[in-house]
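In the two assemblies presented below, chain A is common to both, partnered first by chain B and then by chain C.
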Partner chain A sequence: MSKLYGYGGTILRIDLTTGEIRKEPTPEKLCREYLGGRGFVAKLEWDEVAPGTDPLSPGNKVIMAPGPLSGVLLPGSGKCEFGAKSPQTGGYGDSNVGGHLAPEVKYAGYDAVIIGGAAAKPTVIVIDDDKVTLVDGSKYWGKGCIEAEAMIKKDFGEDFQVATIGPAGENLVKYAIISHDFGRQAGRTGVGTVLGSKKVKAIAVRGTKSIPLAQPDKVYEKAKQMFDRCFSLPGFKEWTPYGTAGVTDWVNEVGSFPTKNFWTGYFEDYKKINGPSLRERILVTDKACFNCPIPCGKYSKTKTSKGEVYVEGPEYETIGMMGGNLLLGSIEEIAYVNYVADELGIDTISGGGVLAFAMECFEKGVITEREAGRKLLFGDLDSACYLLEKIAKREGIGDVLADGVRAAAAKLGKGSEKYAIHVKGLEISAYEPRYAPAMMLAYMTADVGAHHNRAWAITYDVQVGRDTLEGKAKRVIELQHIRPLFDTLGLCRLQWVEIGFELSHYAELFPLVTGINYMWDDLLNISERIWNLTRAYSIREIEGFGRDHDYPPPRFYEEKVPTGPAKGKGLTMDDLNRLLDDYYALRGWDSKGIPTGRKLRELGLDYVAEALGR
Partner chain B sequence: MGAVAKAVKKVTLLVHGHGSEFFPGKKSRVEVEVPAPACVNDILDAIGVNRSLVMFAVSNGVRQGKDYVPLDGEELIIVTPPSGG
Partner chain C sequence: MRIGVNNDVCSGCRVCEVICSLRQFKENNPKKAAIRVKGHFPAPGKYEIKFCDQCGECFNSCPVGAIKEENGHYRIEPDECTGCLVCVETCPKGVVFTHPDLTAPFKCTLCGDCLRYCPTNALYDLDGEVAKR
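Then we have the complex of A and B:
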């Protein structure tokens, strides 16, 4: 076997039931065919989690995987992927976190950490280079994510990088996060819930090794060029001060801001919760992940009627889902709810969706004051904080809401399905897509459920026409291969997406780091392979999975946008079917949304074709 | 009386962000000649870029709306929407 450059070289396996810890060399074939990060997660979930496994049983596995470029001194090389069979959707699940975890895992020598079984008592996994131990975590159990992170750093050493879960993860709230770096999260698909089901409160990592590079001098030269390019790009100074919050005005101006449980796409108070409000009213300092030249993190101090707290954020998604979607019209209040959710360990996207669902159910009489324990009102900070606490503790109405909007609507009935805004069981993130067909399709077909990070296509809608369906599927597919590739390589995509950093840099870099002579198209082919594998995973795990699971909630095709710049606009069921038909045809899937045997074999997924009987 | 030559001005657009792919030649630096006076919206119309694709412009470090009229020879930063994460 040839030497693996760019990789730590080892896969670490932890069986929490038996306490067994094993290490094995990272297979070269796995690197060549799935690269790392999201690719490793997808392949390992497929191979190692037996079909039909209950996501919250010991049989499920949490996989933590940096990528081949993580930890190398390049812009934004601090991204780490977490994955597990999702308790929220029952299908493929993954989520990505920045901060400093991925480099540390690589410096400890690992390309993936596979955590299976379940511990008998609260546990902290301590990875200190080659020494791996399972430590009693009882004293941290019940603590908030950030509080626990600080305690663990104090106990084990400030140079450990720590990922934690909060009370929500401990209590198996289905959209619990894994938190890291005092405010960064692997927030989606319930990866924190699965860690909680295994009684893992935290993972602490310290690494002191180096990463072998195929051509170190050239990597250094290229990296320097990339940093210089980042700093020289026009408008670099314009994006960084506001980070992702800088898009709030624009999303309102095009009528796509989630407002009042996605009832409409325009929030009248948006100027009070936008990037400049954040910067002028609550910002303490900018905060960056490992090796990032464009610190999008905004560390803030906020004061509300409920107290004064520090929080990292809010970033755009939280502003959308906890601001407009809950009708909270002050940046201070949004930052406060952000803090509560972060400490409890609740995803602010799904959490915002669930809170808005509960408030609409209350407004429509589906949930009564008696059932809720109080009024649940839009625009009310107390209602939002009350609900988050109830959910995290699974108390009263919180127990119903803790399973997400799809499950809660099924339990509550009374027509509440109409207010459950999700695709595949995952609450939609912060773009109202009724007047953005490509964005709608992106949500419909995202492999983990409705998530913007797979394909953010709304600028394409705006440029080529928001009333046309033509070409939208092609664009969504292109983006679905490019964007997740960053999660596969272990890099942040925001240097590309936000600053306009050219993709060609990454293509040049990959062979210099790994010694594997892949061109950009080779990397995209692998990304397509992974996309088909994750689709296949959900087909294997969810009975009858296919086209029916790709439709958005009825609000998105039965109701037109009632106010704002997109007023009167909306898509019909015929439009959605046209989008899906185009998409499946271009992907080489059948009309039910199942990859054909031919497509799977063409992508080197023969084993998947066999398993699916294709 | 002979025809009066129309005044033309030259403006350089430095396009910030992902939206540059929708500008002519998918470039982040675009030089345009437009009849004067022309505001940012007029310039966008002239080069076939949807006005809604631009959030604002920056001239000499100062944020300007899309009704801003740049001077002849001016370099303008054009800010397109970031993806929100």
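Then we have the complex of A and C:
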């Protein structure tokens, strides 16, 4: 076999039930067909998690995978993919985390770590180059994500990179996170829940190896050129001071800011919770992921009536979902809720959606004060923190809410489905899409459920016109191939998205690192293969999966936006159907949203076509 | 050129580490970098850059003369080094490093790549020969 450049070269398998640890060479075919990161996760979930597996049973697997460019000298090479069959949706699940984890996994020599089975007692997986051990993690069980990370670094060595879960993951809250680097998270689809079900409190990694490069001299020269280009773009100085929080003003000005459980798209107090508020009032330091020249991480210290704490953030998503959506109008209070969620190990996006759902249910009389144990009020920090604690411990009303808005509404009834803002069981992230048809379609069709990162299409809506549906499906599909490609290569997309760093640079660098002569279009074709595979996974796992699962919640087509710049705007069911029809046709899927056999075979997914009987 | 450091604006990105290893060893490996970034989290939430200021203590301590002075910096000559590691122990800033692949320790050769590619100017040229961005 020829040498694999850009890769660690080994896949690590851990069976927690038997304690067996196995290593095998990373197959070259897997690299060529699925690249790494998200591609490896998708392929391994399909191959190795048996159809019909309960997501919280030992049969599910957590897969951790850096990409072929992770850890290599280039802007933003620090992204690590986690995947598992999702306990939130029952379908394909993955989530991505920055920081310094992915590079360290590569330096230890691994392209994927496949964690199956379940341990009998709390466990820390310690990966120290070739030496892999399962260590008793009882002393860390019950600790917060960040507290546990600090303890583990102290116990094992400051040069370990550590991923942890919090009490929410331990107690199988369905939207539990995997936390890393004191405030970065693989937050979505319940990957932390699955780790919790396996009694894995943490993964600690240390590596001393070099990543083999096909052409080291040329990588060095090209990487320098890439950094110089980033430094020269106007966004380098304009975007970096506020990071993702900097978008808060714009989202309000276009009327798409999630406000009061997505009741409307404009929050009057947004100037108090925007990027400048963060920077001027609570910032401690900019905090970058590995090799990032434009650090969006904002490490803060916040003081509220409930105390003074350090927290990374808030990021824009948290400002939207725990600020506007909960009507919290102070950056200090949002940062505090952010801290509580981070320590408990709760995703701030789904968590913000669940808290807003509970508050609206309380307002509408679906949840009473007696059932809740107190009043649940929008705009009230105490209500938010109380709910997060109850959810993490699965106590009282928290036990119902810990399963997410879809399941909670099914249990609570009384018309509460109308307040459950999700697609496929995943709570919607922080863009109110009623006056942004491409963004609406992006949420409807994202493979993991309603998540913005597969296609942040709202900018396209604003650019080409928000009253038209024309061309929206095409752009959403393009973005659904480009953006997840970053998760596949093990990179951050924000250099491209936020400061306009050109995609052509990645295409030029890829062969210099890997020795594989792919052009950009080859990489996009692989991304389309992966997209169809993840769709197929949900078709295989979820009874009757298809078009019916692609509709947004009723609020988004039955109610017009009541206030703000998008006042009076909204989409009808006819509009949604037009968007879906366009989208399926362009994708080569049938009218029920199922990929045709021809499309699957064209993408080299013959085994998928056979499995689905297409 | 002399390395200056402003820890207050370091974002912990570690570009300095990776570019150092690629320049010095043609390898992509921060464990072979002659500069390191250390984070202090969760409190006080600060970064600290461990770097060589070419003080010369290693040069003075080397029992076999394997450390050479040239153009304002000190360089370890691997062929002459016996691997006694006295320089590692003597270095007051802990920036003479070892790696399991290498018999000789290694240190900063003042190439300037770290400060040229530091995105935040946390590393800069005290002499101003390399302009800040």
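Rule of thumb we're sticking to: the second predicted complex is superposed on the first by the 613 of 614 C-alpha atoms of A that agree within 3 Å, B and C clash if a C-alpha of one lies under 4 Å from a C-alpha of the other, contacts with A are read in each partner's own complex, and residues count from 1 in each chain.
The rule is short, and it goes like this: a contact is a pair of C-beta atoms (placed from the backbone, for glycine too) under 8 Å apart; a residue touches a chain by one contact, two chains touch by 3 or more.
In this text, all values refer to a predicted model and were calculated from it rather than measured experimentally.
Enquirer: Name the contact category of A:Phe290: first (chain B only), second (chain C only), both, or neither.
Expert: Once the two structures are laid over each other on A, A:Phe290 reaches chain C alone.
Enquirer: Check whether chain B or chain C contacts more residues of chain A in the superposed model.
Expert: Residues of chain A touched, chain B against chain C: more for C.
Enquirer: Have a look at where A:Thr208 lands relative to chain B and chain C in the superposition and call it first, second, both or neither.
Expert: Only chain C is touched by A:Thr208; chain B is not.
Enquirer: With the two structures laid over each other on chain A, which partner does A:Leu73 touch: chain B (first), chain C (second), both, or neither?
Expert: In the superposition, A:Leu73 contacts chain C only.
Enquirer: Of the two partner chains, chain B (first) and chain C (second), which one does A:Gln88 touch, if any: first, second, both, or neither?
Expert: The answer is neither, since A:Gln88 touches no partner chain.
Enquirer: Just to be sure I read the superposition right, which of the two partners does A:Thr189 touch: chain B = first, chain C = second, or both, or neither?
Expert: So A:Thr189 meets neither chain B nor chain C here.
Enquirer: Just which bits of chain A does chain B share with chain C as contact spots?
Expert: none
Enquirer: For chain A, which residues are in contact with chain C within the complex?
Expert: Per the touch definition, chain A meets chain C at residues 71-73, 100, 103, 107, 146, 150, 158, 181-183, 207-211, 213, 216-217, 219-220, 223-224, 227, 230-231, 284-295, 297, 299, 301, 310.
Enquirer: Under the definition above, what is the set of chain A residues touching chain B in their complex?
Expert: 233-236, 238-239, 244, 246-247, 249-251, 253-254, 315-317, 320, 430-431, 452-453, 456, 458-459, 462-463, 494, 496-500
Enquirer: Inside the complex, what are the residues of chain B that reach chain A?
Expert: 14-20, 22, 28-29, 49-50, 52-53, 55, 58, 77-85
Enquirer: Using the touch definition from the top, list the residues of chain C that touch chain A in their complex.
Expert: 8-15, 18-19, 21-23, 25-32, 38-39, 41-47, 99-101, 117, 119-120, 133
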